[in-house]
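In what comes next, chain A is part of two complexes: it sits with chain B in the first one and with chain C in the second one.
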Partner chain A sequence: MNWAVNSPWALTGLLLALLPLFNSGMRTSPAPWTALIPGDTLSAFVVCCLRLCAVAAIAGLVLGMAGLHRTEQSRERIGHGAHIVLLLDRSSSMDNTFAGRAPNGVDDGKDAGGTPPRMGKVEQRMERLPRAMHGAIAEESKATAARRLLTDFVKQRQTDLIGVAEYSTSPLFVMPLTENKNAVQAAIAATATPALGFTHVSKGLGMAISFFEQQPVTGSRIVLLVSDGAAAIDHDSEQKLREWFKQQQVRLYWIFLRTAGSPGIFDQPEDSRDDNAGAMPELYLHKFFLGLGSPYQAYEAESPDALKQAIADINKLENLPMHYFERIPKQDLSAVCYGVAAFLLLVLFGVKFFEVKR
Partner chain B sequence: MTETLHYRLPWQSSAVYPGAHPGQMIGAGHLFKRHEPLIASPDPRRIDLRASVLDPFSSYRVRVYQQQSTVNVYLIADMSASMGYADKQQTLIRFLLTAANSAFDYGDKFGFIGCTERIEHRWLLPAGQHLGRVSALATQLERLSFSGSANGLQNAVAFLPAERSLVFLLSDCHFPLSQLRAVLGSLQDHDVIPLVLWTQDEYAALPNWGLISFQDMESHATRTLFMRPAFRQKISTAYQQRQRDLKHIFRAFGSEPLFITEGYNTQIINRHLQQRVA
Partner chain C sequence: MSNTLKDYRTLCLLSALMAMLVLFIYPSKQQKTPTYSYTFIIDITRSMNATDYQQDNQAVSRLHFVKQTLRELLQKLPCQSKVGLGLFTERRSTLLFEPLEVCSAYTEIDTAISKVDWRMAWAADSNIAKGLLSTLEMLQKSDSSVIFITDGQEAPPVNPNYQTDFSTVKGQAKGMIIGVGGLQAVPIPKFDSLGKQTGFYAQDDVPHRSTFGQSNLDPSQIKGYNARNAPFGSEAATGSEHLTALHETYLEKLAAESGLAYARLTDLKNLNQVLQNPKLAIEKLVQTDIRRQPALLALLLLSLVYLPRLYKFRPFFRS
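Up next is the complex of A and B:
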């Protein structure tokens, strides 16, 4: 309980709270001799209560004006879960479908031709089924699918600390590790804005790892890389990443959203001339990750369904007990103060009507 | 001012001057008092032959009659702050004028002793027969707003004559009973008629429900009460108990009090005065 006020000088007004102790605020009637009136405990009690009400009302108003608040605090919590950093690819190819085309909106009936309107609804429902295998009609983009599934994933992982980072030409800091799921959801939803140019995965990874720097090592630490392509990592970055992965004890999950026809992670080059990082960046990135020395798992998802499967896997795997501090933000109590004061004033106002004038 | 207080004395006045009340002096009265030797009261018209014959010393016996005498009437008034409540002050002034008029009608002398914290000379009126002075005093009293306590009552006896007088004690008796005992003890040489002035507003006209804040007129202390029927009944009972206590004390000092609670009325006082003689 750490209480604080915004403007301490306003607390001098608390002296005013003593006023009701000296003045009852009631109109007095003259009485020839009050000693003749027998003593009454209930009256004394009521009067005492009213005075306290008045004191509390004034104190409430003053504290409200002074801006009483509870400072930021942290609460120790133990749960099952992980520290997860979602590292999302924001390259423009993510806005395409798994088939490598631009998404054509929700069920415009491109292939269905003259489908009657009531058939449209059926198709809309059908759309949630995986269709990449047999030619999409109206597919969602990879980014949308990732967004939808990650949102569900975050919903399931209630006890985790989740952070979000993105990368394209350069890494984007979106959301530090937090237990606030609404914020994470919002951060994921914010990826709906159109994507940017290139894929600079090493810097993105660097940033994702940097999220763990200020955190205690508890539970498991996961970087969940969601991307649809890769890029070559230069030698210096490779060195640094190796070091950081080891230092921070981070597990890496790579969900590779494979576009139909593009090279996959596990594809071996047919021609030995193509066997270099420039021609097959996915393979080489995979190889680099394998060689990191920290636990690593890659999933190649060719459809939203496969993506779902990959996320379900991670969900199952990463449930170690962990120990963390939940941060409770600064709470402004002035509204409570004003509310209490208003209530007490209302009570006193009501009592005023109860007052007998003679 | 046509109303008159018909006060009579159940005792004999020691005043020399002839008046309207039974006195200790002998003179031109109708009530036979005793026989005296002719030499003591040389009025041959009153010689009682039968008594003279029976007298073993063979002297002339003369019948003497009781002379109606005057009596000094005093009004000792409590002028504490509590007497300023409601119409008590007006009642005091009305009673002052009525009593003075009655006394002058009977040919008696009237004096006034006003008691506040102590006895001030401007509120003293020595026994006399000047209606003008009484009226002037009444006008002054009308302008005065009463304050302080009634401690002066204990010293009032110092301003009374040594011979027995008729004393009206007009007060609301809102002071401790011990003080009342002291006052009555000091006034034992005199014939005291206590008039206790209360108003029903004080205790009977309270509300059944509500918060009411009372300020004591003398001590200025404030008391806030949460009124409810049970508590109202309690206050009423307390006043009744107070009335019983006061009566008890007054009777212990040989005077029957009159409680004026439902407005001042000369007839009520007259009835009381007649009861006490009968």
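Up next is the complex of A and C:
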């Protein structure tokens, strides 16, 4: 019962509720000597009740004006769901289509997903590419496709706690694990702004896992990595990530948005000279994830449809029983206060007609 | 019956009941109220680590002070206000989340602001004019006001020949530039890869001029000038770019060019005040609760019935 008022100063009006204790609010009739009239318990009781009604009516009005409400409550419930951290790739290549072109059809050829940065500190697409879609879905950029599907995904996962982290050259903390779906949607919508630098996946993963620190272990814990490329992870980071994945019991889903023609997760090198993390970062990142020891699933999405499938799978699989807190929003009680006061006023008014006037 | 109706108490109760009737019939009315939506773009370049703010008798960095002030501001903003967050570094900014209503998403916004860190920077340059322009273009379509929070320190300093042209956004953009930092130049802390401070940037650590394009000086003035091989001459540039102070005149100039307002961040009260700028307000039709007025009337009438002092004047009201 967490009750609160909007304007506490209005509560001083409660002093008025004391008035009926000093005055019956009834007409008095002259009597020669009141001591002559025998005491009547019933009358005393009725008068007392009427005074209490008046007290309650005044109190009701004051509380209503002060804006009495019950504060937001949370109720613990057991349901099905997960704690999900969306780890989104913000590297510039995400702004290209699945065909590796800019959405307006220009092949700008910069930072094609996955390939290590070829240009050093280049003018990073400072020229704003018009983001006009020419109707066709196939022209949709990878980021747009991911955004559209993730928006739907979040809508479907009502009981989950969802957090958002992003990474490009460095990790960005965006939204803590929260049940507020509006906040998550706002974070996903913000990825519509142009993407940033390059792909530094290990730092991003580190940040995503850090979301689970100081969170109760209940339901499944998922990091959903949505990226269109990979990068080699250095040894120190590998070590730490292994440790953290195990410690926090995190499951990893990797949705790899594959650009046509770029190497995929499951491709084996044709030339043994290419068999290293520098040349095939996707394959090596995949191998590293497989060796993490925690549940891991990879999806290679080459089109928006494949991405949809991957998200549907997660939707189906990740529904472990979970404790969660359901939010009961703030309840306004002023209407109740006014209602009660009005009713009591009606009673007091009605009683007026039973007064005897000699 | 007639006697009952003649009694002032009955009349008071009747009027109070009428007032309650009005209360239930017209509980609210549509009213235009100014609401605010801010998108805070925080500069996270290195110079923001300079410690020239005082908090609880401790020197704190500009970034820390900005974060702290924004978090306190968040508590002060009325419900219905919206806050979005973005970061600036290099020559552009990124939006972390679109504006969210502060009361329903307080914890989320607060946590996100508290997690802002200079290490989130995706590149190390700092060109504020270009960053501002890209931010204004990026957020042109949103009705949120851009609050660009920066100290005005650029690395490398911009060549006056290559200034950003704000004509495309001037007049359309809505917002403010908030200058942070002191007017005294202070050194910029240097950190290692683990985030430990390892001293300060020295004069040799930073570029003191931009060597892009042509120099803004007259070639005859430049020592060792060669149009192709050394357009900036043979001398090494020296300067005090390793020290940082709030470049107030520069930011004021940018604000004037881009049609934004400028204010300096000193404390929470001041920030809260400048953000209440009517130019940034969005007039919104909001259903306002007006039940208080009839309720107050009913309360006064009801109190009148039970007012002890009137007891003495009873004969006046008696017929």
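The working rule: the second predicted complex is superposed on the first by the 215 of 358 C-alpha atoms of A that agree within 3 Å, B and C clash if a C-alpha of one lies under 4 Å from a C-alpha of the other, contacts with A are read in each partner's own complex, and residues count from 1 in each chain.
Everything that follows uses one rule, which is that contacts are C-beta pairs under 8 Å (C-beta built on N, C-alpha and C of every residue); 3 or more make two chains touch, one makes a residue touch a chain.
A quick note: this is a predicted structure, and the numbers were derived from the prediction, not measured.
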Open item on the list: Just to be sure I read the superposition right, which of the two partners does A:T28 touch: chain B = first, chain C = second, or both, or neither?
Closed with: both
Task: Partner chain(s) touched by A:V47 [first = chain B, second = chain C, both, neither] - done: first
Open item on the list: I'd like to know which partner A:I37 touches here: chain B for first, chain C for second, both or neither.
Closed with: first
TODO: With both structures superposed, pick whichever of chain B and chain C touches the larger number of chain A residues.
DONE: C
Open item on the list: Contacts for A:E355 in the overlay, against chain B (first) and chain C (second): which applies, first, second, both or neither?
Closed with: both
TODO: Figure out whether A:I84 sits in contact with chain B (first) or chain C (second), or with both, or with neither.
DONE: neither
- [ ] Give one of first, second, both or neither to describe whether A:M322 is in contact with chain B, with chain C, with both, or with none.
- [x] neither
Open item on the list: Just to be sure I read the superposition right, which of the two partners does A:A183 touch: chain B = first, chain C = second, or both, or neither?
Closed with: second
Open item on the list: Under the contact rule defined above, give the chain A residues that sit at the interface with chain B and also at the interface with chain C.
Closed with: 26-28, 355
Open item on the list: Under the stated contact criterion, what part of chain B meets chain A in this complex?
Closed with: 82-83, 85, 172, 174-175, 201-203, 207, 209-219, 221-228, 231, 234-235, 238-239, 242
- [ ] Would you pull the chain A residues touching chain B in the complex into a rising list?
- [x] 24, 26-38, 40, 42-43, 46-47, 351, 354-356, 358
Task: Parts of chain C lying in touch with chain A, wherever the complex brings them together - done: 1, 3-4, 7, 9-10, 13-14, 16-17, 20, 23-24, 27, 84, 86-87, 91-92, 94-101, 104-105, 107-109, 111-112, 115-117, 119-123, 125, 130, 134, 137-138, 291-292, 295-296, 298-299, 302-303, 305-308, 311, 314
Task: Residue numbers on chain A that touch chain C, as the complex places them - done: 13, 16, 19-20, 22-23, 25-28, 54, 57-58, 61-62, 64-65, 90, 121, 124, 126, 128, 164, 166, 168-176, 178, 180, 182-183, 186-187, 189-190, 193-194, 196-197, 334-335, 338, 341-342, 345-346, 348-349, 352-353, 355, 357
